[in-house]
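Next come two complexes, and both contain chain A; in the first it sits with chain B, in the second with chain C.
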Partner chain A sequence: MTTTAPVGEKNLRDKTSRLHKPQRRGLLDLGGARGAVTAVWIVLVLLYIFILIFRPGLAQLSSVQTIVVLAAVTAVAGLGQGAVIFTGGIDLSIPWIMSSSAIVFASIAQGEDGNLIVALLAAVVIGLLLGLANGVGVTRFGIHPVVMTLAVSAILEGGALGWTGGLVTGSPPPIVALFMRGDAGSFPMVIPALLLLAVLVSFVYRQTRYGRELQAVGLNPTASRLAGVHSKTIITSVYAISGVTAALAGIMLSGLAGQSYLGMGDPYLLTSVAVVALGGASFAGGRGHFLGTLGGALLLSALITVLMTFQLPEAIRTIAQGSVILIAVIAAKVGVRPGKRKNSDGIKSFRRSREKAIL
Partner chain B sequence: MRALYRPGLRLLESGLAVPLLFVLVLMTIYVSASPNALDPSQLKYTVINASLTLALAAAGLAIVVLIGGLDLSSAGVIAVTNALLTVNYGGSVANQFLWIGIAILVGILSGLFNGLIVHVFQLEPVVVTLGTSFILGGFALLILPKPAGLTPVEGFSPIAFMTSDIAGVPIGLLVLLTITAGWLLMRRSRFGSQLMAVGSDKEAASNSGVRVGLVSIGGFGVAGGLYGLAGIAITSQTSGGDPNLGSSYLLGAFAAVVVGGLKLGGGRGSIIGAILGAVAVTIVINVLFVLGFASFWSTIARGVLLLLALGVQSAITVLLLRRRRGQSITVGGLS
Partner chain C sequence: MKQKQRIIWGLALASTVMLTASACSSSTADGTSSADAADGYEIALSMSYSGNDWQGEAKNLVLAAAQTQPLKDKIAAVDTFVSGTDAQAQISQIQQMIAKAYDAIVIYPISPTALNNVIKQGCDAGIQMFTYDASVTEPCAHNVTFDQAEAGKVTAEYLADLMNNTGNVVLITGVAGTSVDEARTTAAEAVFKERGIEVLDTCAGDWAQGPAGECMSRFLAAFDNIDGVWAQVGGVAIPDAFDAAGREYVPMIAESANEYRLRLQDPEYLAKGLVGGSYGAPPFQGAAALSMAVQALEGEEFPSTIDIGFEWVPQADLKMCATGAIEELEAGCNTFPADLVSTGFMADWWSPEWTPNISLSTLLNVEE
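Our next item is the complex of A and B:
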């Protein structure tokens, strides 16, 4: 606030702030998702204890590393999905943005480290443009997010098949594989990078103007537009972010797999939505945080690895992931209800204290 | 005011003009590209039977769209019913009918499950149906791990009957006409008008005594039953099963619903539109095939058609709105 408030109002604010304890404003203020995010990390710890007791082989450093690296791809894809879901939309084009940008990445890089920058830029720009196309369709033409992203996904699917002719072309540079898998015995750099990303996203979400405006749009697009936020631009940007993160996830996956191929992103439609759901996000928008998505990605990755040790067919894995989505959204919904009441109590107590201050 | 009752404008308002136009224009292109396309047997294979599965899936999706929801579970239901039929079908006629009944029942039950979860927990239908779709797809993979053919049946087989004909009239056409008649009856029934009321304005419907929850759960159930029928139709068409087949119908069903003039968000459109939309989508694919385009173009075409139809439909809405404004009639609900 740069404008000087009238004296009376200033006094009032001083009084109310003393009466009403201000909320925490640090990086860890997760808004409405606090309970769900805490819950997902607690479940993760419980699952780790379960693994320690029943599957000690999985608790080794190398296995844990694999679980985290697999989770990193899902978490990056889930970052964009989560941002879109935060505004009440959904992005069904993530799998094919992943596949097509990974294919472009591999065919430009041709397995040479020297081509890394060009290939990376090309793939990210493709993701950005596709995401922007989604965003413009949704905000400027008023197309439903499901329809818009489904259409883009279909165009990409056909386009990728036509462009490659179904063949595997090119290969990702070795440095990406090193980044994802690490050298024999060494630590893959993707894990610290993921931590850095989590800190960065938390910072942007909480401390920057963009993050605040995004929260406002997620909670109530109309009200935030009336308050002077460019809602449409914010929503468009969210789809662009989703396009870029999908491209990055595709590149990470191609590093992990050692090649890019058609349909490599297919499983990520389910997993990107599942990890956001596990993170306690509301699919009507306005609630969710990347720390929840990250916890959800680690949890899902660990869960799948545990399931794999039971030698179950792949079909069971799909069923389990589908059930995880349903259980997570139901649990988040049921768990949030008392929280909401608390929130409105808080507003009431604030009003009461304000009335007192005026009197 | 009188102008509103002119048949042309009424057609435009019902949203059926666009799918009819699409079908006519595409059919003209198709016939000019492949002259014997109007031959009855050709028509049966390339238009009626080829669009039967899609039309049934689109009709199901249309019901959910009419009540203001979205349903991604068609792929899962089609996959699981297709797998169930492929593995268990055969034996006596009674047994065959039993499994057809089971397939429809599975569809209805999964639809009711979707509706129940969406309503009881007040969740977004998109995420719930995405979850159930994958669960059902997983079950399909469990039942039928890899594509297989249908065991041939001695004598009468209701599944093969679905894509054959009586005295030159394709059964597929009769199925679609039955669905259309069912829709027209339902539209005039209490359930039908409640369905439209819920889709137009949930709160107003609830205030006027409509039990919104029951109606939307019922709508999801009917949609599931239609997906089950679509699963039977695809089994009949390919006389085999493929656990990964369902996913291509998801995009097609959305394209058909949008071409068919249904308003996403509910309350406007009809199942007839969705069926016509499905026929239009199928003819587009036929035209591309006849013109010698590679198969990947048909996927692209479905996506482009989806966006194109949206553009045409919204242009018509704007046109109607402007006309009405000129007559100074207040418009509610069209925004």
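Our next item is the complex of A and C:
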């Protein structure tokens, strides 16, 4: 982690000098990701304008709905991935937590709405326990996140295969499909739920003690520990969050697909990381926000659909997708540079708030 | 203190792992015997990937075939091994089988070329080497398979007829870059071109409902002029995508999933205009390979590629089974009640030639 850079400090002071107080926390408090988050949403708006002009069919409400719904699964998986990446880790067990939770969900639900609560609880608890196992392995045993989450992933893959023997019984209740798809073109409830989630996450991140401690740990685990934060508990908690969001994403996916099956989470290994990167997060930790991840997920989903209308061969389409992600990330980086913040600011403001709390 | 904490955390982690393990306790043990040692051939089944309904059914059919007549008296044991998706693992697994001197080895090959050397070793050791569904290029192996291009052609022709040889079709393909996908898709595209139907776009559905449904949702968002869907997998997710988008069904071809066949006969779906047909890679190929391996051991000669056909069922030929008893299956029923089978169950598992004495309950209750 970098230490105080006087130049950066000065720049910031200049930038904020119009405000009388040195208040640097905006309403959303995007931290160092502000530039990148803004950039991804600007790119999204530009893409929408492009669609309006060149592919007006895609701009109609039902098409936009489809794009958002498909992005929702990635965004929810990306929420957990983003939290883990914010602490400098990575969660590679997301795909198999998704698959195993969805399989358990389907086999308990047996396609009955009446079993929804029990099945949902079981799936979420499984996700939570697996996430906790990841977190404990990383923090208490010092296992590298890549190794720990890969190991959990492998255990799950084998466990799911052994338990089901490849034959998944049961199916998700119709209400989950309704939640994800709406009925006969009606508005799917997943969209307002996603908005609510974004508000909730932003609130927790900006306003709660947990959010601030998380920011401190992400920016500098050592300094935050010295300042009195239980950084290991915080890091464990982000893996637990990732486990829960992966379970939810798995359930959402089973609603979309109409069934659960082994390996259903596989595509989300890369996409959950990609949308976090698109959202401007730093893989060293300490920078990123769910609004960026959400924007990244929407951008990726819209992009795939737009590319579809150009009728490119699969190979070219994959290349185009990769290139656009790369360009978007680079553009976000360029956008970030002028407003580059140094990590110590966050720690200081955190310390201030903590001192206030103590006083 | 520190030590104590470590121990507590260690115990916590260990108990989590044990919980996970016990939750999935019925894991498939390697090398389970299907029958007590008796007079008869010892046969090994080398599966690669086993994580879907199709593979599970194919395996159970092999075991069920070995436990029913006409093979029951001729086979002492079928030992099943699963190597996963790693070609090297399957190679060393087959090497061990050769070392154990099985009479025949039935293989679902993970790669068309990587296993060639070890298969040659098996042939040289006098072991009958049979593959099913996927094939290998080693000439001494016997590949039990079906004509993928023919499958693409027949289904595309049926769809073109349903579409009156006009309009636009979208294709939901399998895993891009595989020979099976290539053969089916190329053949289908050729038919559409010949019939004057425009292919709007193709999308890789990866032979799973999730990606196939996503493909269809995106197609519906992107195009408002779709007149037909030719898919390799997606019978469950494709109609769902139409429902979600509030769009009218168009004729669709999809896989032999039982769920899809149920819908093609469901009055509720028929009222909404669901028309189509169902086809797929038959799961009885493994049982056929087993049966031929026994015949080969008895002295019959087999070519290197054996085409055993596939089941193509247009909507009109669908027929519900009540329980899946053999008499019913012989009478041509080809769809099973939803409460008897898993949601991803493939309905085209029965063959009068290769699985004559296997009823649905035999298949579902087969012992490893």
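As a convention for this text, the second predicted complex is superposed on the first by the 289 of 359 C-alpha atoms of A that agree within 3 Å, B and C clash if a C-alpha of one lies under 4 Å from a C-alpha of the other, contacts with A are read in each partner's own complex, and residues count from 1 in each chain.
Note that in this section contacts are C-beta pairs under 8 Å (C-beta built on N, C-alpha and C of every residue); 3 or more make two chains touch, one makes a residue touch a chain.
Keep in mind the model is a prediction, meaning the values are calculated, not measured.
Visitor: Touching A:59, do we find chain B (first), chain C (second), both, or neither?
Guide: The answer is neither, since A:59 touches no partner chain.
Visitor: Using the touch definition from the top, say if A:90 reaches chain B (first), chain C (second), both or neither.
Guide: first
Visitor: When both complexes are superposed, which of chain B and chain C contacts more residues belonging to chain A?
Guide: C
Visitor: In the superposed arrangement, does A:314 touch chain B (first), chain C (second), both or neither?
Guide: A:314: touches chain B and chain C.
Visitor: For A:158, is the partner it touches chain B (first), chain C (second), both, or none of the two (neither)?
Guide: Touch partners of A:158: chain B and chain C.
Visitor: In the overlaid three-chain picture, which partner chain does A:137 touch, first (chain B) or second (chain C), both, or neither?
Guide: A:137 contacts both chain B and chain C.
Visitor: A:326 in the overlay: touching chain B, chain C, both, or neither? Say first, second, both or neither.
Guide: Touch status of A:326: first partner only.
Visitor: Just chain B (first), just chain C (second), both, or neither: which does A:146 touch?
Guide: first
Visitor: Please work out whether A:253 is in contact with chain B alone, chain C alone, both, or neither, and reply first, second, both or neither.
Guide: Touch status of A:253: second partner only.
Visitor: With both complexes overlaid on chain A, does A:284 touch chain B (first), chain C (second), both or neither?
Guide: The first partner, chain B, only.
Visitor: Would you mind listing the overlap between the chain B footprint and the chain C footprint on chain A?
Guide: After superposing on chain A, chain A residues 137, 141, 155, 157-159, 161-162, 314-315 contact both chain B and chain C.
Visitor: In their shared complex, at which residues does chain B touch chain A?
Guide: These residues of chain B touch chain A: 70, 72, 117, 121-124, 126-128, 130-142, 145, 250-251, 254, 258, 264-265, 294, 296-304, 306-307, 310-311, 314.
Visitor: Using the touch definition from the top, list the residues of chain C that touch chain A in their complex.
Guide: 6, 9-10, 12-13, 16-17, 19-21, 23-28, 50-53, 55-57, 59, 173, 176, 200-204, 208-211, 213-214, 217-224, 236-237, 240-241, 243-247, 259, 342-345
Visitor: Where on chain A is chain B touching in the complex?
Guide: Touching chain B: residues 90, 137, 141-144, 146-148, 150-155, 157-159, 161-162, 270, 273, 277, 283-284, 313-323, 325-326, 329-330, 333-334 of chain A.
Visitor: Using the touch definition up top, name the residues of chain A that touch chain C in the complex.
Guide: Against chain C, the touching part of chain A is residues 55, 57-58, 62-64, 66-67, 69-70, 106, 129-130, 132-133, 136-137, 140-141, 155-163, 165-171, 177, 180-186, 188, 253, 256-259, 261-264, 267, 304-306, 308-309, 311, 314-315.
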